[in-house]
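This is the structure, below, for whatever I ask next.
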Amino acid sequence: MGKLILKRVLLFFGLLLPVIAFAEETEISCVICHSGLSGEIVAAVDQWKRSIHKSVGVSCPDCHGGNPDSMENAMDKKAGFRGRPKIEDIPALCASCHADVQKMRQYNIRVDQYAEYKSSVHGTLLLKKGDTNVATCVSCHGKHEIRKKGDPLSTVYYANVPETCGKCHSDKQKMKPYGIPTDQLDDYKKSYHGQILYGKIKGKNPALAPNCADCHGIHGATPPGVEEVVNVCGNCHSKTAGYYRESPHYLAMQEIGVPRCVDCHSNHNIQFPSVEMFTGKGEGRCGACHEEGSLPLETAKEMKELFGKVIISVEEGEREVKEIRSSGRNIDELLLDIDEARGMVTEAITVTHTLDPVKVKKLLDDSVKRLDEISYVAKEVRKDIKIRHIAFLGIITLILIIVILLLLKLRSLKYL
Amino acid sequence: MGKDEEIKGEPFFPNHVLKEIIIFLFILGLIITLATFIPAPMGSKADPFSTPEHIKPEWYFLAGYQLLKLAEKLDFLGAWAPKLIGVLGQGFIVAIIFFLPFIDRGSERYPHKRPIVTTLGILGVVSFIILTVWGHYS
Amino acid sequence: MHKEEKELRKKDIEKRTLFRELFDIFSLTGFLYGPLDERLKFRDALEKQLKKTTPHYRFFIERNFLACLGGITFVLFLIQVATGVLLLMYYRPTIAEAYNSIVEITNNIHFGWLVRGMHHWAANVMIITVILHMTRVFFVGAYKPPRDFNWLTGMTLLLLTFTFGFSGYLLPWSQISYWATTVGTDSIGAVPFIGETLRYFVRGGPQVSQLALTRFFALHVVILPGVALFCLGLHFLMIRRQGISEPL
């Protein structure tokens, strides 16, 4: 009996041993030596300690090579030590793990980044022309402190992407050889998309706003081509894209290449569209392409008038409804109706992409009908408030008269 | 007015009753005025899953609420202190007011002839007002 | 004996006064009154009550406001009972329907907005007057014996008024009422030893939910009015028996 217990105790500690051994070995020899040094190398170790790589067991030799097990020739070229990887080698180096289905399956991440990168402008310049100024994996993801894309501190977290791209693309010096503009980041920040991303638009989810990568691609970063634009914008604005494809504009686009979405709405600095776009000659206005007095421009004017009226009556309806709140009523239902009417107008705005006034008018008419109903209710309530005030005056006067009479009676009474 | 009358005072009926009726009408008019021009708050339906930013009780509980918040400053005594002292302290104050006639046993009625009780009373009223206003604006 | 009594009554009839006339109107309303009065002596009892005097106050504000605070509070209580009963006819005390019924009362029911508004405002004004009433009684020392026990009933009524306010606040089941009640009942938990149990008992569960609403509803419309009426009776009875304290 006693022997059995002894055996079990020994077995327990025997099982524990490797765990203890492992605990001692966590600091690999690279770290032990390099943390005694100073400057960049120590910083690199610190950064790596905060990275996702550390937590999944990817450490120094996996990228830098070498043999941490032997102190003497740890950094021997013969042991595969490669030091700082060459820029043109970086994509392939990362891909040695990240393009490996077997290795990546457990983390449930994609393996096509390397293939996409090779097809991107960055990738072709680097790998085919040997231009080492372009972005590689580490330019966006960081060198040692690589974090998950869902981590708010990550450089590739959705809200940090514009700044990360802008790090190079708004640098005039860096962009000079390629002859591309550097105002995209500033434009984007001013745009409706950017305002949503930075949480400036109330009631819109920043996480759903497109950043650079949503239009240009993530690893296959390229500006969308002529044919692509509709599809790229249509990824989110699918309804609008559908209406656009029904329109004469789409036919023209297939023949002469314009108008695409960006020709009217601009690209980086996209503003919330207004009915003003239907008139005027400036950039993005109908008049920029269509001549004065032509049928298309006349149609545009007609639509603007239609919208102008309905938008004003939506606002008026909302004001009217909020006004009657002062009566203490619950106006939630009326506000919902207003929202519905406004939704119809928004829907009508997307339908304008068909360039068919009949379809637009049908929606706007429905909206106006709904607004009339709301207005009627509001008017009834206002009438009711007026009646209340008149009745109030009556009651107060009555009370006052009775009070005065009673006061007279009181004064006429003598103490008993 | 003779001395006799002064002691006897006003008769309950009809003088006093008439006065009460006038007051009743007056109050009724006041309440109707308030109800007509400042309607009862409507608010939105209770949602146990979304806590509003500023939770405040009705105005007459603001003083007590503010006292509870002040008691939180006592947390250097330990985690138990703020709530216990806050709640029991208020219970203690209410109990003192409740049993006031058995604590203040003197038969003197003039406020200036019983300075301790009067001072405490004024302090109590002033601090109730200050705490209420403070609770309203914090 | 019998003869003397009859003669006294005769004398009384000769001394007609205003309230006597008033009661003669009542005596005309039915043959029941006469025989009942002979046995129960309503007339005498009421006469005695109505003849009592109230003190004469020297200052206008005291005569017409300060000394009337208790009466004003009672008047407000009556308004609360009347409007409360009317609200009760349309209010539905379930968490699904409570808010909707409030909306219904305010939006659609004739004079619902007025009744609700009056109930709301009378409650708030009542809190003010009841506090002022207590403050006045405190400063003029009207709580001194023999009126010390009436201070107790008065304080009970004050606490009842606050409880009325607290329980009534939850009933609309709006966002603010729900959370104010959650925070309010939460502080009950700080009472030593029995706090947790007490909070569970008040809420009828770990959170403010249907049971809490039912509990507060019952408290607000049945239990509190009953207790309050009893205390009001005591309060008035003691004032009658001991008289109103003399003005300073």
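So that you can tell them apart, the chains are marked A, B and C in the order they are listed, and the count of residues begins at 1 in each.
As a working rule, contacts are C-beta pairs under 8 Å (C-beta built on N, C-alpha and C of every residue); 3 or more make two chains touch, one makes a residue touch a chain.
Keep in mind the model is a prediction, meaning the values are calculated, not measured.
Novice: Could you pull out the chain whose C-alpha mean position is farthest off from that of subunit B?
Specialist: Measuring from the centre of subunit B, the most distant chain centre belongs to A.
Novice: Using the touch rule stated at the top, which two chains are linked by the largest number of C-beta contacts?
Specialist: B-C
Novice: Quick one: report the Å distance separating subunit A from subunit B, using the average Cα coordinate of each chain.
Specialist: Whole-Å distance between the two chain centres: 52.
Novice: Calculate how many whole Å lie between the centre of subunit A and the centre of subunit C, each centre taken as the average of the chain's C-alpha atoms.
Specialist: Here the centre of subunit C sits 60 Å away from the centre of subunit A.
Novice: Report, in whole Å, the distance between the mean C-alpha point of subunit B and the mean C-alpha point of subunit C.
Specialist: Distance between chain centres, rounded to whole Å: 17 Å.
Novice: If I count partner chains per residue in subunit B, which residues reach a count of at least 2?
Specialist: Answer for subunit B, listing residues that touch two or more other chains: 5, 8, 10-11, 14-15, 19, 28, 32, 36, 39-42, 44.
Novice: Pull out every residue in subunit A that's touching 2 or more other chains.
Specialist: 327-330, 388, 416
Novice: Enumerate the residues of subunit C that touch no fewer than two other chains.
Specialist: Expected reply: 51, 102-103, 106, 113-114, 116-117.
Novice: Which residues of subunit C touch subunit A in the complex?
Specialist: That would be residues 17, 51, 102-103, 106-107, 113-114, 116-117 of subunit C.
Novice: Touching subunit B in the complex: which residues of subunit C?
Specialist: Touch residues, subunit C against subunit B: 18-19, 49-56, 64, 68, 71-72, 75-76, 79, 95, 99, 102-103, 106, 113-114, 116-122, 124-125, 127, 131, 135, 138-145, 147-149, 151-152, 155, 159, 162, 165-166, 169, 172-180, 182-184, 187-192, 207-209, 245, 248.
Novice: What residues on subunit A touch subunit B, complex-wise?
Specialist: Residues 326-330, 332, 388-389, 392, 395-396, 399-400, 402-403, 406-407, 409-410, 413, 415-416.
Novice: Which part of subunit B faces subunit C closely enough to touch in the complex?
Specialist: 5-6, 8-16, 19-20, 23-24, 27-28, 30-32, 34-36, 38-48, 50-52, 55-61, 68, 83-84, 86-88, 94, 97-102, 106-111, 114, 118, 121, 125
Novice: Write out the stretch or stretches of subunit B touching subunit A in their complex.
Specialist: Touch residues, subunit B against subunit A: 5, 8, 10-11, 14-15, 18-19, 21-22, 25-26, 28-29, 32-33, 36, 39-42, 44.
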